[in-house]
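Below, subunit A partners subunit B and then partners subunit C, in two separate complexes.
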Partner chain A sequence: MSASLQKGIKAFREVMDAPIASFFSSCVHCGICSEACLFFTETREPKYTPIHKLEPLRRLWRQEYTLFGRLGRMLGLSKPVSDDELEQWSTLVYDSCTLCGRCSLACPVGNDITYMVRKMREGMAASGHAPEGVIGATKRTVALGSPMGVKLGALQAQIRAQEAETGLTIPIDVQGADYMAILSSMEIINFPEYLGSLARIFHKAGVSWTLSSEAFEATNSGIQIGVSDIAREIVQRVVDAAEKLGVKYVISPECGHAFTAIRWEGPNLIGRSYKFQVIHILELLDQLRSEGRLKTRGKESKPLTFHDPCQIVRRGGVVAQPRRLLGEVASDFRDMKDHGTINWCCGGGGGVSANDRAEELRLKAFKRKKSQLDEVGVHTMVTACANCRIVLEEGLEHYNMNINVVGLTELVADHLEE
Partner chain B sequence: MQDETLLDILKKRGVSRRAFLKFCAAATSLMALPPTMASAVAEALAKAKRPSVIWLSFQECTGCTESLTRSFSPTLESLIFDAISLDYHETLQAAAGTAAEAARETAMKENWGKYLLLVDGSVSTRGGGYYSTVAGKTNLETLKEAAAGAAAVVCIGTCSSFGGIPYAKPNPTGAVPVSDIVKDKPVIHVPGCPPIPAVITGVLVQYLTFGTIPDLDELGRPRSYYGDTIHDRCYRRPYYDQGKFAKSFDDEGARNGWCLFELGCKGPTTHNVCATTKWNQGTSFPIQSGHGCLGCSEPNFWDNGSFYQALSTPIDSVAAAAATAAVVGVAAGVGVGIANHHAKAKAKAEHETVTVNDLEK
Partner chain C sequence: MTFMDLLLWARGPALVGAVAIFVFGMVLRLFEIYSLGRKPDLAPPRSGGPGSGWRTLWARSIPSKPFFKVSMLTYIAGYTFHLGFFVVLLLLAPHIMLIRSVTGLHWPNLPTPLIDLVAVITLLALIVTLVNRIMDPVKRFLSGVGDYVAWTVTFLPLLTGYMSYHHLLLDYTLMLAIHIMSVELLLIVFPFTKLTHMMSLFISRWFNGDWFARRGVAS
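For the complex of A and B:
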């Protein structure tokens, strides 16, 4: 109840760093980023031009960190950033940006616009302009441990169910295991078969692994809402649990921003390197495959495609692994036209799927994926992010499209050699 | 004689119909008109009556007149020039003294509002213009008087068009171009030191055939002659594009006929037709004879640095300005940097941890 414009402005000042200053000063206003953003391409509204979403931050930088900007402010030539303005920008910064990173890739002068939107959210959140849905998810994460309010009891119930399903033991709190798996709450609630798939694959491959009862949640609302203090707290939980169990690796699950949080932002947030390594489940599966420990049998004969989760592929660098894995289990794999690092976002990443007021816009933006799918003409889409999966399923239902969405880990597990 | 047409006159001089048509075709293409217009030009030109032309010479060297009249043999251009009723031209007319001035005044009176006024040389203005007088009248006075009754003013050469050499620093006579004095009449600039004869006659041909003045660029020059740069049409241009430059006037590159850019050629910034029309009946032009273009048809060509200095180098010494700019830049950079670091450090120091309870107002 204490958010204020003052705090927001202070946060803007605090996030201003050399990259942001050089990005703003090197922007040539070419507008190429607009064509890279699905919120622009599907609405043709100029306000959705990615760099424009940063306008208040850019003005503050100019007014407070540049000589001419300062003179201009003294002479009253540029208005100070106001609360009303930030309120207006809230929809641009949270509803129409999934932090997918496509604009950063398109920028001809190499400006990382996504990096700046992430930083700008710090000030937006501190000034009370984060959307209600994302605030709710963040509160639940901090209070209950998960944005969907999933508690340990729910996980234990799913573990029991999956153990019954697979006939295997799902290890929890095993001291000294090699790998510690973490999960997104969507996987726990909506796609528990991911957990069963892990058990089956790791059993076959002889991987020593465990879950932790203290930190099983991989998602990080702090990253999405843009509050580093909260993001740090959430990352710290995983780090503490992993270091307590003494694992060598933490496996980031099929969840996009969870990978960004634990793999890329985490060490910067807590200010030190981990005593373990972070590996994405697709990286691990591909490694097991190349070591000959992951043997599959039979291939899907129906045509299928792969939706690249932005945070794992474009921003995470896991590009070839999913395709190699698909090569093992599918005989008719067809890539969409824009795929890999230039894929189009599902429209619901970066906290957009938790943001109720953005639903209409998100479904509009889904038309991009729809046209991609229409073009490739398949009835099965594989992906590797639980959030993408939910958003894709909602979009497909909204547009009455008969396409089945499956997780890649699950697909691999289904083809395990008996 | 006044009723004779141009074709009659040319016939008398022994110019064949074929030579006349050839000239018309050349003039048509120089004027950037479609080839189909050649017959129209020929027809109109053949019927053209001799218009009255008054030529005033001010602070000049007579080079422009020389260019037009003193060619190896009389050219069609010079004949065309003969065929206009040149009622006053100090160098060319036979009359002298008061008779000459009387001829000018008579011509002006008889053709008031219709005659073409050709001017070469710039106009002195200092102290009322007494640096240059003819028949006790300052050039300034004569120009104002003659321009008042002119249909249009054609500035022959760089001096009348842009001030030229008299206008160069320190400009002791307060020389100005004609366009600084004449504001209420169309003024056509035909710059060049001197201008190409074909360009001078080309402008006259257009006036004779269509009764209009040509389409002019922002510097008042006919676009058809001054639309491209020498560089655009230079036969050495391919060497420029390949980066092959002569480094001195007697090196391998110069002997191979490479680009003279580094030896100070002003071709890239000079608008004229030298590279295509050439001089002395199409014999050559400066670059073809191994010397860079001086840029003589551009404003301030005399003050634009050495003729042998590459265009890409600064005209004046920039050391002092650069040093000052560097010092000021570094000081401003350091100052702003310190202030920015301070601002950011302050914001960091004042950081209050944001908890979930701080997300709403």
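For the complex of A and C:
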């Protein structure tokens, strides 16, 4: 057994827990999870059935954690997990799963398949079977502080541009502010108007906030690739900066995995709870709205829909807030048929959009979103995740669809009462 | 050995042995699951949400519409044979008598002709699931020997029970002995195949519901 395979198997053993054992014990091979997964529905290839993506992990569990499996292995009835097999599974675990969590809602015996794919990636990465694109993003996050290689200078340039645009000061490193905002690289590079929107909304609502020059990056590719050590380091940077500034809250931006990383996995990664609370920007905006501090004027009259980012909605519990906010700024809001916690993924979450070899499959999977959009028939789609936004824009362009994608925070800022 | 001897053996020592293996196996499986433990979740959970482990434990028995619509055959055939199996097992007069003789517990039975009809429907539903497993590309792809073993040991008690009630093919005493032995086969195989899901699905659903509930989502 190669040293890297050994590391991978060790990581598999480390993630094995009672939920995983109960899930594997319960699977009856009914195949219902296949119809919940956009990589299956858009290709009809059985190998994309969610539970099948876990087959090497399941075999290891059976061989090492069940009496019958152990007997079978001793008698040579089942072969051990091999490097070749993991290499073969790499595309299933990374390219055809966005960790969207839809299968976990569909499974009749209650298997949280997504939970297991996330865990399985730990062993895949440790054994050297993670895709190049995601490895690159992760390396850049460790070395430079961001998956896209965005450095402080780039942020400062965007801050200056947004300050000029809004005529407001964007606070940085303000000791004792109530809220510390973090951003995803994509927002800094592609959608800097998010930053300007925050400045405008917080100015109007009288929110005391700041950015940190030491930790502004929210994206956590350690979570996506499945390397907890790196994920921990990235979370720790934010925690250290927030606790140093003494803020009460950290605002997770319009980025799905950033929210999962800092809100849900973070405390478990660093092994303690924070001295601050984490709030998603949509939760904060909705709270400001209900307190009467966020006053809007005028409504979009054109019909528009909302794409639910999986990690914020299904895996993050922010479901009603975006709809309440849209109710304030849009007069013709139309939900897609499967929306909210049973939404369909954009196809690029969970590191898939950073994974070059998955591009063709991702565009194929986008047909699911395309048919949803064709059905609802609008020309504006609002969302709350910069990664979804990029993936959606690419998909729309690929299929020549005339639909404009807008960030929700930006849309709210555009309707602020003067 | 006469047919009667076989019947006496089947409903005596063989039954005791099969039940013992079943109980041992299921306790072992429980141990195999829970002994792995679960790390405490340090992220502060959302409170007051609609979800919980207990909710998902029963709620997952009712498929939600979008998932039902795309897998209708699987759901309908699956429900039919599960319900049918338990109706025949628990509401047929001789079965209740057996349970009463062993445990002292008893309850009203359904009329035997009705049970007979349920048994036929259950057998048909099981055949549908088997044909579907072989024909459907996803199910065929996922299936291994264990899936067909599990199907066979579930099908046999129903088939032999039906045949002994209707005095088909073999001598009644022999058929009854075979029926009881097929149940014993089911009991012995049960903890070591996917049939374990009868117990473990409640554990899975609880974990699933608990995970989602912490995030404020009802699963």
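Throughout what follows, the second predicted complex is superposed on the first by the 415 of 418 C-alpha atoms of A that agree within 3 Å, B and C clash if a C-alpha of one lies under 4 Å from a C-alpha of the other, contacts with A are read in each partner's own complex, and residues count from 1 in each chain.
Definition applied: contacts are C-beta pairs under 8 Å (C-beta built on N, C-alpha and C of every residue); 3 or more make two chains touch, one makes a residue touch a chain.
This one's a predicted model, so the numbers in the text were calculated from it and none came from an experiment.
Participant: Judging by the criteria at the top, classify the pair subunit B and subunit C on subunit A as clash or fit.
Facilitator: clash
Participant: Should A:367 be classified as contacting the first partner (subunit B), the second (subunit C), both, or neither?
Facilitator: It touches nothing on subunit B or subunit C.
Participant: Give one of first, second, both or neither to describe whether A:36 is in contact with subunit B, with subunit C, with both, or with none.
Facilitator: So A:36 only meets subunit C here.
Participant: Now for A:142: first (subunit B), second (subunit C), both, or neither, which partner does it touch?
Facilitator: After superposing on A, A:142 lies in contact with subunit B but is clear of subunit C.
Participant: Have a look at where A:2 lands relative to subunit B and subunit C in the superposition and call it first, second, both or neither.
Facilitator: After superposition on chain A, A:2 lies in contact with subunit B alone.
Participant: Which partner does A:16 reach: the first (subunit B), the second (subunit C), both, or neither?
Facilitator: Both partners, subunit B and subunit C.
Participant: For A:227 in the superposed arrangement: first (subunit B), second (subunit C), both or neither?
Facilitator: First partner only.
Participant: Which holds for A:105: it touches subunit B only (first), subunit C only (second), both, or neither?
Facilitator: A:105: touches subunit C, not subunit B.
Participant: Residues of subunit A touched: more by subunit B or subunit C?
Facilitator: After superposing on chain A, more of subunit A is contacted by C.
Participant: Which holds for A:65: it touches subunit B only (first), subunit C only (second), both, or neither?
Facilitator: The answer is both, since A:65 touches subunit B and subunit C.
Participant: Run through 78-86, 96-104 or 204-212 for subunit C and report the one that clashes with subunit B in the overlay.
Facilitator: 96-104
Participant: Using the superposition on A, tell me which residues of subunit A are in contact with subunit B and, in the other complex, with subunit C.
Facilitator: Subunit A residues touching both partners: 16-17, 65-67.
Participant: Contact residues on subunit C for subunit A in the complex?
Facilitator: 28-29, 32-39, 41-44, 46, 49, 56-57, 60-61, 63-64, 66-67, 70-71, 74-75, 78, 133, 136-143, 147, 192, 194, 196-197, 200-201, 203-209, 211-212, 214-219
Participant: Quick check: in the complex, which residue numbers of subunit A touch subunit C?
Facilitator: My answer: residues 16-23, 25-32, 34-36, 40, 44, 46-47, 49, 51-52, 65-68, 104-112, 115, 263-268, 271-273, 277, 314-319, 338, 341-342.
Participant: Which stretch or stretches of subunit A touch subunit B in the complex?
Facilitator: It is residues 1-4, 7, 10-11, 13-14, 16-17, 64-67, 125-126, 128, 130, 135, 138-139, 142-143, 225, 227, 229-230 of subunit A that touch subunit B.
Participant: So in the complex, the part of subunit B that touches subunit A is made up of which residues?
Facilitator: It is residues 332, 336, 340, 343-344, 346-348, 350-361 of subunit B that touch subunit A.
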